[in-house]
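Take a look at the structures listed below.
One chain, subunit A, appears in both complexes that follow, with subunit B as partner in the first and subunit C in the second.
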Partner chain A sequence: MRIRFLIPVVTFVGIAVMMWYALFNLNPTEIPTELVSRPAPEFSLEPVPGYGPGLAQQDLATGKVILLNVFASWCVACMAEHPFFMELKAQDTVDIFGLNYKDTPDGAAKWLARHGNPYKRTGMDLKGRVGIDFGVYGVPETFVISPDGKILDKIIGPVSPDMFESRIRPLLNEAGS
Partner chain B sequence: MKSSFRLLMLSMLLAPFLVLSATAVFIEEKLKDPVLEARALEISAEIRCLVCQNQSILDSNAELAKDLRQIVRERIALGETDEEVRGFLVDRYGDWVLLNPPFKISTVFLWLGPAVIFILGAFAMVVFLRGRNRLVEDESRTKLSTTEEAEVNRLLKSDETGQNS
Partner chain C sequence: MVAEIGQFVLILALITAIFQGVFPLIGAARNSQPMMRFANNAAFVQFAAITGAFICLTVGYITSDFSILNVANNSHSLKPMLYKISGVWGNHEGSLLLWSWILALFGLAVAVFGRNLPDSLKARVLSVQGLVGVGFLMFILFTSNPFERIDPAPLDGSGLNPLLQDPGLAFHPPFLYLGYVGLSITFSFAIAALIEGKVDPAWARWVRPWTLAAWGFLTIGIALGSWWAYYELGWGGWWFWDPVENASFMPWLAATALLHSAIVVEKRDALKNWTILLAIVAFSLSLLGTFLVRSGVLNSVHAFATDPARGVFILMFLIVVIGGSLLLYGIRAPMMKGGGLFAPISREGALVLNNLLLSTATATILLGTLYPIFLDAITGAKVSVGPPYFEATFIPLAIPLIIAMAFGPFLAWKRGDLAGVVSRLKFALLLSLLLVGVIWWQQTDTPIMALVGLGLFGWLVIGSLLEWTERIKLFRGPLSASWRRMTQLPRSAHGMTVAHIGVALVILGITASETWQTEHLGVMRPGEIVSVGGYDFRFDGAETVAGPNYDAVRGTFLASTGIEKGVYLYPEQRRYSDPPMETTEAAIRPMLSADLYAVIGEEDGKGGYAVRIYHKPFISWIWIGAFVMFLGGALSLSDRRLRLGAARRARQQEAAVKSLEGAKG
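The block that comes next holds the complex of A and B.
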């Protein structure tokens, strides 16, 4: 009988803990991709002028795990992850393909000239339709692509070295590359 | 002078109603057939804008929302049903794009949760109120002792006489 007064207290603590967790650990702007373990959608794009070759669906099946990075010259957050991609390229850790999202050919070429080109291939999605087929809703986003061209995971927002180690490295090791 | 001032005040009072009648329509290519366009708008109103989350793509002026509205129009022009148009978007962005989530195993708690909580609450309230009523009844059954009864009678009587004085 004495315990009964604890019921509201316990209820309150339960709700508080749940909300505390949701407030600091869940990110409502991060929507996991629907496309995991599905093949990449069909597309074929011209390269950013001077940064070829171009990019199409069949180019993604390379026999090893690769990254497909969605970037744009108007995207400020892309600059945050760009030096890290240059580093990955210098160390030859993983091949990165660039999907240039809703940009101008000129703007994209200038941006790559200025910040360096970490991409093996680039594709210009001028109208943003390929991006929509990929379920892109913000730039940058980075897809991890399996050796047979399927989508393994998607990272929303800039890729940090920590994130690379925790989310991409295991997938690289799994494929034995 | 005074009447013109009144007219000004009146027009200022009525101004908000003028604004209300204007609907939020963005300047973009519409479908020629008004029936199809109405369908496109109806579907768009139920699609979540992924950039601004609690707005529909119909209300949002984000770049992506504009593209998605255009895609809805294209799909309808191709002769797809409402279900197929929604399916196209769900394939790419998941159930999250639907402002009205579908009833599935993963959404059972979302749909039935409020009813379950209500029923549990009602049950708890009935139990609580019954318990309290029983307490009151038990108290009423305990008889007064003879001295208490005599005291009550004395007080009641003294009150009666007191009223007349």
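The block that comes next holds the complex of A and C.
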């Protein structure tokens, strides 16, 4: 066996190891560092009709860690995380605010009536302007907000119980202690 | 019910694929005819089963069955039928089903047309093909099931991304997959050859048409994708060196190299190990592309919804397929017998140079694509490697490649005469220098790269035509003799000339549009006129119009040179309702000399609109060139020497004689 014929496979092993590492340890969708620990952008929105008070920048500084969930009635992936949010609400684990993104008031209200309302406050971002300030590029997205209204982290895609334990729970504990 | 049938036949396909992967391989080792022949039947059943699954999913889309999660996520009852159907493969799960279907289709093609292949080789090829199928079907069934149900079913689907509701994009993935999967056949042949321990010219005669076909489909697929980006994204760009674009470009480069090295194997029985390695690498790059897009390792505008479980599965699959085949190569390749010898200056030598440059280009693109991952892994820094890197590395490799492209076909096999070739090409050199001189004289501040690009265009076109006229001895005797020679020339020779000219046209399009593009960006009020690229663009205002499932602001521009009657351009800014999304519909007037390209944006509140107007000289030639390249490939594929099924023993001998003649000529 001549060594030079093994060069391709050795090269590939190197690439595979790197990818393996990347898959488990890196996240390309991680929030860009410049948004973290910055105050949330300024905004003020009307609530979804019939669902709690509206939502504005100053409402986010609640003295405890909260979640700001971007949702829409047209978003099927939102249905995946919704039951878990209902559970969080029932257990009173964390307060969740809902940012209704590029939706209609009627559609959002019907959706919440049908699937239940996990949100303390809701705000309707009908044209998606606030979403732009938050850097939303897909629904659902969930922001973790600090007691003084700063962005601590952002989760892209549905929040799963696993993800809650690994990414959100530590932030809750940190603030609680 | 449809979903359950689909699910069932998909499981059936998986079981068949497992059998197809195992039994013929054992049969070939034990020389058992029944076990080897089983491969044919298995290939047929596998194809029928996946066809069934594909039909089931398509029925789900056509009937808007939103109880299927995949349909609910990607379709909408109001969507036009064409896009309901293209929605079948416009998502992660469906596109994988299409992948597997094409894989099974090509496997069936080998089973049906490969009657003249040695039994053991055919059994091994089909078996490898079956094993690749096992990987894909398991991936579909365990991580990306297109037939998953949703309860309760939504009243309507969440719609397909309106950006993707476009004819260019409806057919972009199928062509790309035909190309990717076509390379799986050459991969299977390479692995079978490694197991058998021998490669003969008959092997190359099989590998070449499959490579050609895969290459042709990839060319069309990539061209459609870049055309779509050009007119739909509204940035006026057509290539962004995005990881996903690179993922399709790398297999294309590798396939181009493979195409050329397979000629050497066929005609001269040399470069065998290298060709096998290229076949493995080309398919590996296709798989790597799939991985990069779907695993979530790299972020891209094209990325499908990602899921870590999928990433793990794909990576395991890649390690088994790529790692396994490269290891097999490392062990078996040294035992292959070498073939004919040749001098560095020869047709073979030119093809080796072509291969070196193409594979270096592939490697630099791979490095640029993976570099952000490496850097992130080692230092934690997030970077994106953009066009500057790719242009700085790719162009210096492309220039010698193109210079050699005109030289190569003139060189004789085994030992060429460089001085003779130079003297025959001096006409091309002279003319292309003249072209550069004229352009420089017209405009002395022309960027140097533009002069280089146009010089290369002239060199390649004239060089290719000279070679062609030489072959048919045009003007060196009666025209009737030349005509006879032309009709007798193998179609693959015509194909080469056409494909090389296609490359030259692409160079022309890129160089001219990059160099002489003019643009106007800014706010325009109705009645205002701006001059861009020799055209006066008059803005006639904008109005709101309603489309079937969107509202749009439509602007009206009149572009005229003052001599002819002008043309109207109607760019739109569309707002879709389901899902809420805005898209830019650029208005493009394609002409052979230039494209006029207009985009309308937001109103500024004072009656003006943000507009972008471009004049892009010769840009259409990029896609015309790509199509000409495809035509060259198709012409070459239609060569009777390579035609599938046209290879009974007698004809094979005739072909061998012909190719000998071709080798002399």
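Here, the second predicted complex is superposed on the first by the 147 of 177 C-alpha atoms of A that agree within 3 Å, B and C clash if a C-alpha of one lies under 4 Å from a C-alpha of the other, contacts with A are read in each partner's own complex, and residues count from 1 in each chain.
Assume contacts are C-beta pairs under 8 Å (C-beta built on N, C-alpha and C of every residue); 3 or more make two chains touch, one makes a residue touch a chain.
Because the structure is a prediction, the values reported are computed rather than measured.
> Once the structures are superposed on A, label A:K102 by its partner contacts, choosing first (subunit B), second (subunit C), both or neither.
Both partners, subunit B and subunit C.
> Per the contact definition in the header, classify A:V36: touching subunit B only (first), subunit C only (second), both, or neither.
neither
> Does subunit A have more residues touched by subunit B or by subunit C?
C
> First (subunit B), second (subunit C), both or neither: which does A:A90 touch?
A:A90 contacts neither subunit B nor subunit C.
> With both complexes superposed on chain A, which partner does A:M18 reach: first (subunit B), second (subunit C), both or neither?
In the superposed model, A:M18 contacts subunit C only, not subunit B.
> Touch test for A:G128: subunit B only (first), subunit C only (second), both, or neither?
both
> Answer with first, second, both or neither: which of subunit B and subunit C does A:A113 touch in the superposed model?
A:A113 contacts neither subunit B nor subunit C.
> Once the two structures are fitted together, what part of subunit A is touched by subunit B and by subunit C alike?
On subunit A, the overlap between the subunit B and subunit C contacts is residues 28-29, 32, 102, 128.
> Any idea which subunit A residues touch subunit B in the complex?
Listed in rising order, the residues of subunit A that touch subunit B are 28-29, 31-35, 102, 127-129, 132-135, 137-138.
> Quick one: in the complex, what on subunit A touches subunit C?
Listed in rising order, the residues of subunit A that touch subunit C are 1-2, 5-6, 8-9, 12-13, 15-16, 18-30, 32, 72, 74-77, 102-103, 128, 157.
> Residue numbers of subunit B touching subunit A in their complex, please.
Of all residues in subunit B, those touching subunit A are 50-51, 53, 63-64, 67-68, 71, 90-94, 96.
> Given the complex with subunit A, which residues does subunit C contribute to the contact?
69, 72-73, 150, 154, 158-159, 273, 277, 280-281, 284, 291, 295-299, 305-306, 308, 311-312, 315, 318-319, 322-323, 326-327, 329-331, 333-334, 370, 373-374, 376-377, 382, 578-580
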